[in-house]
Amino acid sequence: MTDVSIVMLWTDILLWILLVVFIFGIRSIRRSEQARKQWRKIFQSKIAMAAGLILSTYFALAMLDSVHFRFIEQTTSVDHSAVEPWSLQALQQDFAEFTGNLVHDELHGKTLSLLDLGMQHLILSTERTYSAPFALTEYSTSIVYNEEGVQQQYKLLKYAGQHLQDGDTISADVFLQTLYVFVFSLFTTLVFWLVHGYFRIKAFIFRRAGQKLEPLPWKTFYLTLFMLIFALSWLYHLSNFYHVLGTDKVGQDVLYQSIKAIRTGVMIGLLTTLVMLPLALFLGISAGYFKGLVDDVIQYLYTTLNSIPGVLLIAAAVLVMQSILNTHNDWFGSTEERADLRLLFLILILGITSWTGLCRLLRAETLKISQVEYVSAAKAFGLGGFSIIRRHIMPNLMHLVLIALVLDFSGLVLAEAVLSYVGVGVDPTTPSWGNMINQARLEMAREPMVWWSLLSAFGFMFILVLAANLFSDRVQWVLDPRAH
Amino acid sequence: MFAYIIRRLFYAIPILIGVNFITFALFFMVNTPEDMARAQLGAKQTTPEMIAAWKQERGYDKPLFFNTQANAENKVIDTLFVQESIKLFKFDFGQSDSGRQISADIYERMWPSLAIALPTFIIGLVTTIAIALLIVLFRGSPLDTATMILAVTIMSISGLFYIIAGQVLFSKIWHWVPISGYQPGLEGVKFLILPVFIGVFAGLGTGIRWYRSIFLEEMNKDYVRTARAKGLNDLSVLNGHVLRNGMLPILTGVVVVIPTLFMGSLIMESFFGIPGLGSYTIDAINAQDFSIVKAMVFIGSVLYIIGLVLTDISYTIFDPRVKLS
Amino acid sequence: MSKLLQRNYEYPVLSLLNLSIQVGEQTLVDKVTFDIHKGEIFALVGESGSGKSLTSLAIMRLLPQALQITQGSIELQQQNLFDLTEAQMQGLRGKKVAMIFQEPMTSLNPVMTVGNQVAEVLRLHLGLKSKAAKQKVIELFNEVGIPEADQRINWYPHQLSGGQKQRVMIAMALACEPDLLIADEPTTALDVTIQAQVLQLLKKIRDRRQLSILFITHDMGVVNEMADTIAVMKQGKLVELAHKELFFANPRHSYTQKLLADAVPKMQDKQAGSGEPLLSLKDLKVHFPIKKGILQRTVGHVKAVDGVDLEIPKGQTLALVGESGSGKSTIGQAILNLVRSTGGEVEFFHSADDSVTMNKLSDRAMRPLRRKVQVIFQDPFSALNPRMTISEIIREGMNSLQVGPQTREGQNKRIEELLVKVGLLPEHMQRYPHEFSGGQRQRIGIARALAVEPELIICDEPTSALDVSVRAQVLNLLHELQIQYGISYLFITHDLSIVPTIAHRVAVMQEGKIVEQGEVEQVMRNPQNEYTQSLLASAPELVRKALKVA
């Protein structure tokens, strides 16, 4: 018997709120013809299409990693025969059994995300220590006592290449598996293409006559989709047989860590903007629109905050936060919750220290817009300050906000690594690229070098940041009238 | 000019008071002296007497903002806030947890920081502007496209990667330069080459993109059309007209940084074992030494404000439309 | 006659043959052919988008990269410019062909002294050393009429007035004694008195140096003043080419006839009569404080409007004329309470004996009056919020001021009616402003104002950003609406030529004060004030003739 309880972490809730906001955003884009055209134009670029798809994949993985469960085994056993079939009780029992089967016995009582459910084998296949990608033995020798006496020997890994028969080579096996994955990916992409094709044909038939739409680069889309599916399923499939990206000092699978770190990176990139946006919008617009004393106060506020070097302010705040968490052990129940709280605080701190740039930008733009004649016309209609801000100023600022958001995202993901290195990043138990780099730093000094942890972290981070940068370039090009 | 600088510094006082208040709020209100004492003395086996003694030793036993026991103006003055503020404004940062004078440490560690930060800044600025001008000259060509792709790639890779990869390649594998260390004087140059090179390289991506967009914007201005109509060639237009006008927006972003070069770089100094203010700070953060972090925050803001004043002054030199008044 | 004959034996300075310019598939300039002879002022006339500026840039070979010259040739002194390398062309620019532009404010490098900018040409093409160059610059400045030349060469552009900046541009163009000067709307951005001076200067230089000038403009008044030969462009095509006398006496192409008709002011002889007052300004003052120092103390005031008395009668138009900076727009904003007046009264008359002092009201008390007084702006591009559809723009006032039907369907019907009334189509409702031309946008602006059924519309230079033919249409529309609804206008303008077409009465403003006001005919034909006289004297002859200015 297993009981499932949903664990709501603070950052989970925020991320799902963000998703709701995002859905509303898409709805409002769909409603406005102008916005729809602009977004279509953004995705008309092949690079933006590919980058957007990669970003979505990262976000999707982060979302999957943000639904947490805890499976608790119940000691009381129930007599099956005593329960009437098809009763509510029976259904509950069946459900409990079903969920019980979802999770490996050893993981009962642990907090797991949806993503973890699919990667249980990676959590369980913990080795003793370092092993290189696709290795069958440990990376360094250990002293073994056996019948031949004391020996230096590379110990075999427990969870790598177990399926290999005598005489099988790794490369031949990997080649075969790759072939299998390739066919699978091709097939999956084809399914996507067919389903999508059905809707496109339907849309084509019902399109208004004479309506001409610029074509989107679907070829690029499917190429990227195929590559993504192929890469992910290759990693996933082979991870059942090998440590594809090796293991770290305590034998944990590096692929698992790299994928788990996606959530942290995406969280920091997205949620920070969620914190900073209302501040920047409210203060920036107020300063620009009401001018005078309000403006002076807000300008003073951001000049003061700006004058403190960013890293130092964050460091100081995080230090203080750590010391608070240390003295308030009652705020959280488990280590996960503690780590989560620390992530939340880090996001809050990053948000509070990073609103000044956008605020200044919005202030300047609001000052400009409030001088424009359509605002005078609105005033001549007796519209109040609030309506003018809502109807005339906000819509004309949104492109700046959007550009700032996509631009900040990549910077924040990179900042996470640096902050973790400085010691003021996320909790050391939280999987993050920064923590991986931080730990792997000393490994580079070893002879021979342990390079895979570091490279995996950099690789996963690089793809995300590059995609974000390329996407933001396109967004800026389309939305910023000055860019032309 | 002199009067203007004095007045600008006068403007800076409220900002410094604000900074002072923020640091005070962080280090004394959010994190009370009580907590500090407990953290310092170890969580267990601390008696209230020990805490009280610890606080008294540092003068942390005073009330935060308002002293009801004192008389007259001392009600305000004899408080933790005012006392701590006075110390900061006198640049008297007290002792670190290890018992050293912070001010002396800072003075000593300033120079190694500068030894790395200044060359990185100057070489970086010159290189990026030169490259940006070059690709503006060849705008729209494959060279432009290739450089921009390279720039996006450079800026998408974490700075930590450049440091680690640089150390492994140049020091560990090729043995061109020492992996880390510092030595004052000319012999120390060999320690500086790698960090400066990496610092410049890591900044190329962002820099080139930024300067390129500034110069391209200038290229579309009317005065450039006039210059072409005069018969100037592309190079003279860039050199004689675009560069000087483009310097104005560049100044805003660049001059403000100059004073803060003293602060060094946390990451660089810690990776390369430079005994500068950056590694000083990072050590303090790891040791949770609040006094040092507080001092660095204050100094950082002072330097930033000096940077703002310098920016204004530089404008009056480069932009004839701005007059000091 | 002898002069004409003589020309035939000389080769033209500039000769265009079948010049065509395309962007993608679209033809912007279509087989343009003309010659310019020595000492001739050749006016290239057309409305925006006619391709006249592109033609001039093509002569300089300074066209943007996206544009392509698909056929034709340009010969300067029998030298085909398209045969030259870019380096050779650079040797020609500024030496043989020079150019001056419309915006003297932005056309000079802001961080370089004007003397240096002129000297740059001399150094480049004539190889003059710094001392000789400086001497030459001072000579040039003297020639183009910049006072204290030896001082001013060290000045920066922002220290000079607009007219003087244009003189610097001319000095720069003349520096190497070019064969051809291209002047692209050189006086459009200038006030009328300055415009007259600059035109005078160009003519003088032509006479003195036998310089050929390609003069690009949209203003028929200026053409009449300046040109020897006139070419009219429409949508990339040259539609008419004639000598000045022939051109004005007997325009052949219908487009030219229309352009000329629209450019000449028509005396409408509107009877001002003694209408009941609708709005009256008494001793209105708007002063802006000048703040200085650390504590932002007020050290003085800019007296934008300084004691103005005006009266706008019901159903009539008062034209308020003045140059830039005279404070005429500030009056409009003060009436609308968009800027706070410092003193005096703005009185609105519901009827002869029921009036409110508008500028003393709070925002709340002002609201019922907002529907009575509306406004149309100068720049049709910034007057409409780019993120709103036309129906949202027009609906805004109806909702805010509770005017007209309050149901959505009712409003939609009303918006359709309004659009039709201002000459647009009902299906334009769901479009966005950027889909319309300048003239159409100005119509939308008018519809927006009409939506709340105002009694007074303040028209703040509503036609100065429009082409001549569009301008005439908009003025016509305003006129019809006045007759239909009895609306009063306060028509703020710098353009004397449209005053008689639209106004019953006119007031002339200078430096915040009204220097003269009265009925249009009286003020125009027999101005009493010195400033009014100088304004009228600066107007192009074409305008003066039509106004029959004494």
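Labels A, B and C are assigned to the chains in the order they are written; within every chain, residues are numbered from 1.
Basically, a contact is a pair of C-beta atoms (placed from the backbone, for glycine too) under 8 Å apart; a residue touches a chain by one contact, two chains touch by 3 or more.
Worth saying up front: this structure is predicted, and the values here are computed from it rather than measured.
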Intersection of the contact lists for chain B and chain C: A
More contacts between chains, A-B or A-C: A-B
Chain B-chain C separation of Cα centroids, rounded to whole Å: 50
Chain centre separation (chain A, chain C; CA means) in Å: 55
Rounded Å distance, chain A centre to chain B centre (Cα mean): 30
For chain C, residues contacting two or more additional chains: none
Chain C to chain A touching residues, read off their complex: 333, 336, 338, 363, 366-367, 370, 373-375, 377-379, 382-388, 396-397, 400-401, 430, 432, 445, 448, 452
Residues of chain A touching chain B in the complex: 300-301, 303-309, 311-313, 315-317, 319-320, 322-324, 326-327, 410, 414, 417-418, 421-424, 437, 441, 444, 449, 454, 458, 461-462, 465-466, 469-470, 473, 482
Touching residues on chain C, where the partner in the complex is chain B: 60, 62, 65, 86-87, 90-95, 98-99, 101, 103, 106-113, 120-121, 124-125, 156, 158, 169, 172, 292, 294
Chain B - residues contacting chain A, complex: 14-15, 18-19, 22-23, 26-27, 30-31, 35-36, 38-39, 43, 152-153, 155-161, 164, 167-168, 172, 217, 260, 263, 266-267, 281-282, 285-286, 288, 290, 293-294, 296-297, 300-301, 304-305, 308
Partner chain C, residues of chain A touching it in the complex: 33-34, 372-374, 376-384, 387, 391-392, 395-396
